[in-house]
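What follows is a pair of complexes built around subunit A, which joins subunit B in one and subunit C in the other.
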Partner chain A sequence: MAAALSKSKDWILFVGFSAVILLLPWILAPIGAGYPDLLQKIAIFGIFAIGFNILFGLTGYLSFGHAAFIGVGSYMSLWSFKLLTMNVLPAMIFSVALAGLFAFAIGYVSLRRSGIYFSILTLAFAQMSYNLAYSVLTPLTNGETGLQTRAIRTNPETSLLDGDIRIIDQALGVQELGVPTTNFFGLSMSGMSGFYFCAILLIICFFIAQRLTNSNFGMMLKAIKSNQNRLNYTGIHTRPYLIAAFVISGMYAGLAGSLMAVTDPIAGAERMQWTASGEVVLMTILGGVGTLIGPVVGASLIKYAEQKVSSWNEGILSSFFDFLPETLQHFMVSVSSLFVGESWHTTLGVLFMVVVIFLPGGLMEGFRRIIERVTGGKKSAKPGAVESGARAPQPAE
Partner chain B sequence: MDAIFLQILNGLDKGGAYALIALGLTLVFGTLGVVNFAHGALFMLGAFCAVTLNRLLNVSYEQVSETEKDFLGNPLKEQVPYLQGWLGEDMGSFLLDYSVPLSIIMAIVVMGIVGVVMERGLIRHFYKRPHADQILVTFGLAIVIGELIRHYYGANPIPQSAPSAVSGAANVGAWVGLGNNVIYPWWRLVYFAFSAVVIFGVFAFLQFTTFGMVVRAGMQDRETVGLLGINIQQKFTIVFALAAIVAGVAGAMYTPILPPDYNMGMDFLVLSFVVVVVGGMGSLGGAVLAGFLLGILQSFASMSVVQNALPGIAQIIVYLVAVIVLLTLPRGLMGRKGVMED
Partner chain C sequence: MSAAEDVSGDESREFERGTTNSVLHIDDVHKSFAGLHALSDVDLDVREGETHAIIGPNGAGKSTLLNVCVGRLKPDRGAVVFDGHVLTGKSPHEINQLGVARVFQTPEVFPDLSVIENVMVPALSKRDGHFSLNPFKSFAREKTLHSEAESVLESVGLQAHLSSPASSMSRGDKRRLELAMGLIQHPRLLLLDEPTAGMARHDTNATIDLLKKIKEGGMTKVIIEHDMHVVFSLADRISVLAGGRIIAQGTPDEVKNNPKVKEAYLGEEQV
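Our next item is the complex of A and B:
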């Protein structure tokens, strides 16, 4: 009975999540966010954050180097576009596989240590990848210019960076006018179709993450988070589980990196910088560590804020504070201009601090508290919040 | 031989900066038990103290020149810093010339205040929280500090000049009998000497004062020191302020070597964390040793001979060393037992 209940709860959560994601263009339209570019970003970073949460949320291992896998995924996809075909399917498969391999190598080494040492090790590996992408690996990454798709090269002497070969497309006799766009068996990957492609992948990723979290494997990961020593004493070797979690979350990041290349076929090393790793940590924390929906909420909020807050300028601000007396208006404008436009990272930083200080469980924890207060604290509220790890008490089932 | 000597010199000033930042990080970590990701931002703030002082000293008024004319034949209007007007031209330009060393005084005051405010206002509430939370909240703070600096000073690096007396190059080779081939900028030598003095100062302070004794005891066993009736809270605040000051003066003096921009803190932070981990969490000596070691290794790796043999090594050497050290010596070079053991 209890198991059946939790099953049906999961299904409600999954169906609700899918519906919201698929209806996102209409849901976000009233707040001026219903355009494909932003929607694609939300879906892509949602995947990234869900994957990151499998590692950080379930096992408590804080990786500061996940952006490396984004970079690997992006570059791999670009090479697939350049060498094989503009179809995104092989690109995605290769990217995920390669990111998985990278994650295995990095995880195998980094997971020998835990705590802050693990964070530093992953950071070190990510910085190494970033620095190498800018220096020695320039023939593969095209350095600061970034890797791009080009027209088919006519002269075999042309470097592969400046002219593509696309063997499969050529063999199939695909006609190209100029630089072709990415497609999924003919379906263009830009605009709304690109968003729906990412959205469906996000839903699949969410489903996999949900299954994982509720499986025995997920239980084991949560056990590692709450007390690894005890697990070791009971004779369980935890490292294989940790490595598996690390590889899975690396593959999610690889997929996200690949999708970035799919929706906009250019890859630069700045995607691998450690601030990018910090961003995904922020998304997960903001939404709620260890919850299923939280990371996606966090990713959407941050991407939305990035697009909106960064576009506000002093003109908008002064019209917003128009009702105030003039001196006060100037003051308010100069103060609030610290937080918007080019300086929108200030908002991000402040938000980050506020969430960590006052709401360690993230927004999902906040929702849960609000709902608990409204319903008199009896029900443990939203299904998504149930998973919020060690902090939230597990409801008796 | 010349080349090797030059690379060692090259490593020393960079190593000095790493060592000073790592020293503060370790001090804060060892006593307060807080992993401070905003420490690089403190280094950057110190650098901007130098920029600010230079700007303050350069506040000028317009004066019509008596002798010179501009290209239209009108009397030339020249900008004269108030300082020169008040203190006479010689004294004024002397102070302007020495704005970077003078900024140490400003950095000490400003960073002391920043350190106390930061510890009282934020860090104090995070003693008992998990390390992940500490990392995250200080990371957020670092972003905020960086962005505020960018808002007020712009995104471009702001070059600062060393005093003219030490802006040239020193013929270091002749001093040690290597001939005239080893020429090295004076200011970098000054920076190395400065970092050595600060490091010795901090060590002497910890070794020979009662306060230092309490701090060292606190690094060994925080709770017992508290049980002995010592106001450990207050000591913590001072230790944090001290770490902030060390990072701040390190940053202020570094400005002639590297023009500061708002991102400089982040770049140094990552490296200095690696330094701390290589040196061994909670070991002050280890932090200094690893700082210089990595600085020198980095400059050796950027030699063209090494670059040709192992392409790309210069960019990754520090991280590579960190990975190797962490995997072979889990506590770092000089880490103590019981600090941050897994």
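Our next item is the complex of A and C:
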């Protein structure tokens, strides 16, 4: 039965994904990426990209303003830390809820249009949020300085921006020495425990996205992408579906923003800038639009490049090319230094172009082709991974 | 109106009475585009269970009339009433939910979805309404709908391609797929816009046979068609549109022998 088959495939995919994520510190150690700061970023941006893909991958609506929800999530979490408790649970709940509300408002207006007009509207909203955070909303965002957690204020005259109250922690009699750290019922959110916290949330988010993709709701979203006009004549009111997808992906972004504040309790407006919105688009396209795993692969790759490739200087390069004769070594170092260190964006740009031109389905399509080559074209895809890319005829049942 | 008088006396009286058991009632519809009268004074009744063909030369306003019926165009004047509901001003999805399904002239399918999914989406719409938010209801577990979709696909002869993407199908197959998408909704009224255009002769005959089978099922159908062979094999009644007006209406024989029709349409083919 097709249903039973796809179900077991889904479980294999889910278990495999979870295992890889939980073993990430060991998997990435050989390439020097097994440290908590990078691992946390990979998990957080993985959540962001999975959520973004629910909108972009399934419905085809390209939002250029999802960073706004990251910002909303970060600021909301910070306020929860400052006013209520350093426990991350309430912070995350409030962040996701508020991001959902914002997404509803922005989505309600933006989804009146489609295509490029929709993208421009979301971009405009995000830039508006960014500028508001810098200017009018300074009492809430602390402007350029950014919002930070502080010690409990001793003088009620002190601005809330400079002194916290943490009502719940105070009522529970939590002892604080200086500025406390975020925790999940006592578990510290820095270092490896912070990564595992984010990793488990990433796995939960993946599970939800997977169920969503395989649901009737997900099918309607795919039908919208495929032929929205036809769907209208099929009796479906497409707008509520789009708004729901927009809100869900906004909530994912809100959670990602909240986790950024959880792992590093400071929130600045630069998180809402359009470059951040563009980054998640790159991640999704690089990994594979419409696939479940692709966005996480894309997020990992870009965060790895940002953290590691950007640190490769000429010293590292010349020791890498040590085996070559000296003149050739100099030549190789000067050529390759165009692609690493401060100019790591060049590598990213070239990689992006190669993927878009030769692998429109992203890296996941590349993996699929390799698997097909190896197994002689019998297995069609990584189980359930490729949705839009899976044009290859499937074996008849 | 001289054109309206051409409808024979008997027929026009029956036409009036027909409103009582009519499913679709088009009442004095006008539509003009930038001063060009695409439809004027169009009155039409489609009776329960009949196959009603709308024919006419190119540019007669046939597609405009269909677009007015499904909510894509808003008439300047007049109204379209379906089963007691005024359709004028309603959006396409609302009209579909009332039980009007449409098959397009150029096949409109979901190219990225598989054939079976193409048919299951309209079935879901019929069952769950225009919006249903249950994001965890697994599509793969819709076994009843799946087998229903399979049998509809079998009836149009597409049972061999269930899991291939619709984009890989031939134009003729896409038309049959679209027909299946309409049929699975069990609409009270099926609007077919040139269902056999661009089909090879044997495909056309297969489609005629299929549509005849549906006719036995009692579904009301409106067919817009150029192919007279199709029209005369299927239609119970025919309305002839020319220059945005209905110039004749009646059974196939009546229409065939109507001199106005010969002049406006059939004659054109003999030239």
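Descriptive notes on the structure:
Going forward, the second predicted complex is superposed on the first by the 374 of 397 C-alpha atoms of A that agree within 3 Å, B and C clash if a C-alpha of one lies under 4 Å from a C-alpha of the other, contacts with A are read in each partner's own complex, and residues count from 1 in each chain.
What we mean here is this: a residue touches a chain if its C-beta (ideal position, glycine included) is under 8 Å from a C-beta of that chain, and two chains touch if they have at least 3 such contacts.
Being a predicted model, the structure only gives us computed values, none of them experimental.
In the three-chain model built by superposing on subunit A, subunit B fits alongside subunit C with no clash. In the superposed model, A:Ala305 lies in contact with neither subunit B nor subunit C. By the touch criterion defined above, A:Pro240 lies against subunit C but remains apart from subunit B after alignment on the C-alpha atoms of chain A.
Legend: residue contacts after superposition of the two complexes on their common chain; A:Thr275 is shown touching subunit B, with no touch to subunit C.
The three-chain arrangement built by superposing both structures on chain A places subunit B and subunit C 80° apart around the Cα centre of subunit A, to the nearest 10.
By the touch criterion defined above, A:Lys7 lies against subunit C but remains apart from subunit B after alignment on the C-alpha atoms of chain A. When the shared chain is aligned, subunit C comes close enough to touch A:Arg230, but subunit B does not. By the touch criterion defined above, A:Ile165 reaches neither subunit B nor subunit C. Once the two complexes are laid over each other on the shared chain, residue contacts for A:Leu140 go to neither subunit B nor subunit C. Remark: least CA distance from subunit B to subunit C after fitting both complexes onto chain A is 14 Å. Listing the residues of subunit A that touch subunit C in their complex gives 2-3, 6-7, 211-212, 214-220, 222-223, 225-227, 229-238, 240-241, 244, 248, 388, 391, 393-394, 396-397.
If you check the complex, the residues on subunit C that touch subunit A are 70, 91-93, 96-97, 101-102, 104, 108-113, 117, 120-122, 124-126, 128-143, 146, 162-165, 167-168, 181, 185. The touching residues of subunit B, counted against subunit A in their complex, run 35, 122, 125, 129, 131-133, 135-137, 139-144, 146-148, 150-151, 266, 270, 273-274, 277, 281, 311-312, 314-316, 319-320, 322-323, 326-327, 330, 340, 342. Remark: subunit A residues 60, 62, 109, 112-117, 119-121, 123-125, 127-128, 131-132, 134-137, 274-275, 278, 281-282, 285, 337-338, 342-343, 345-346, 348-353, 356-357, 360 touch subunit B in the complex.
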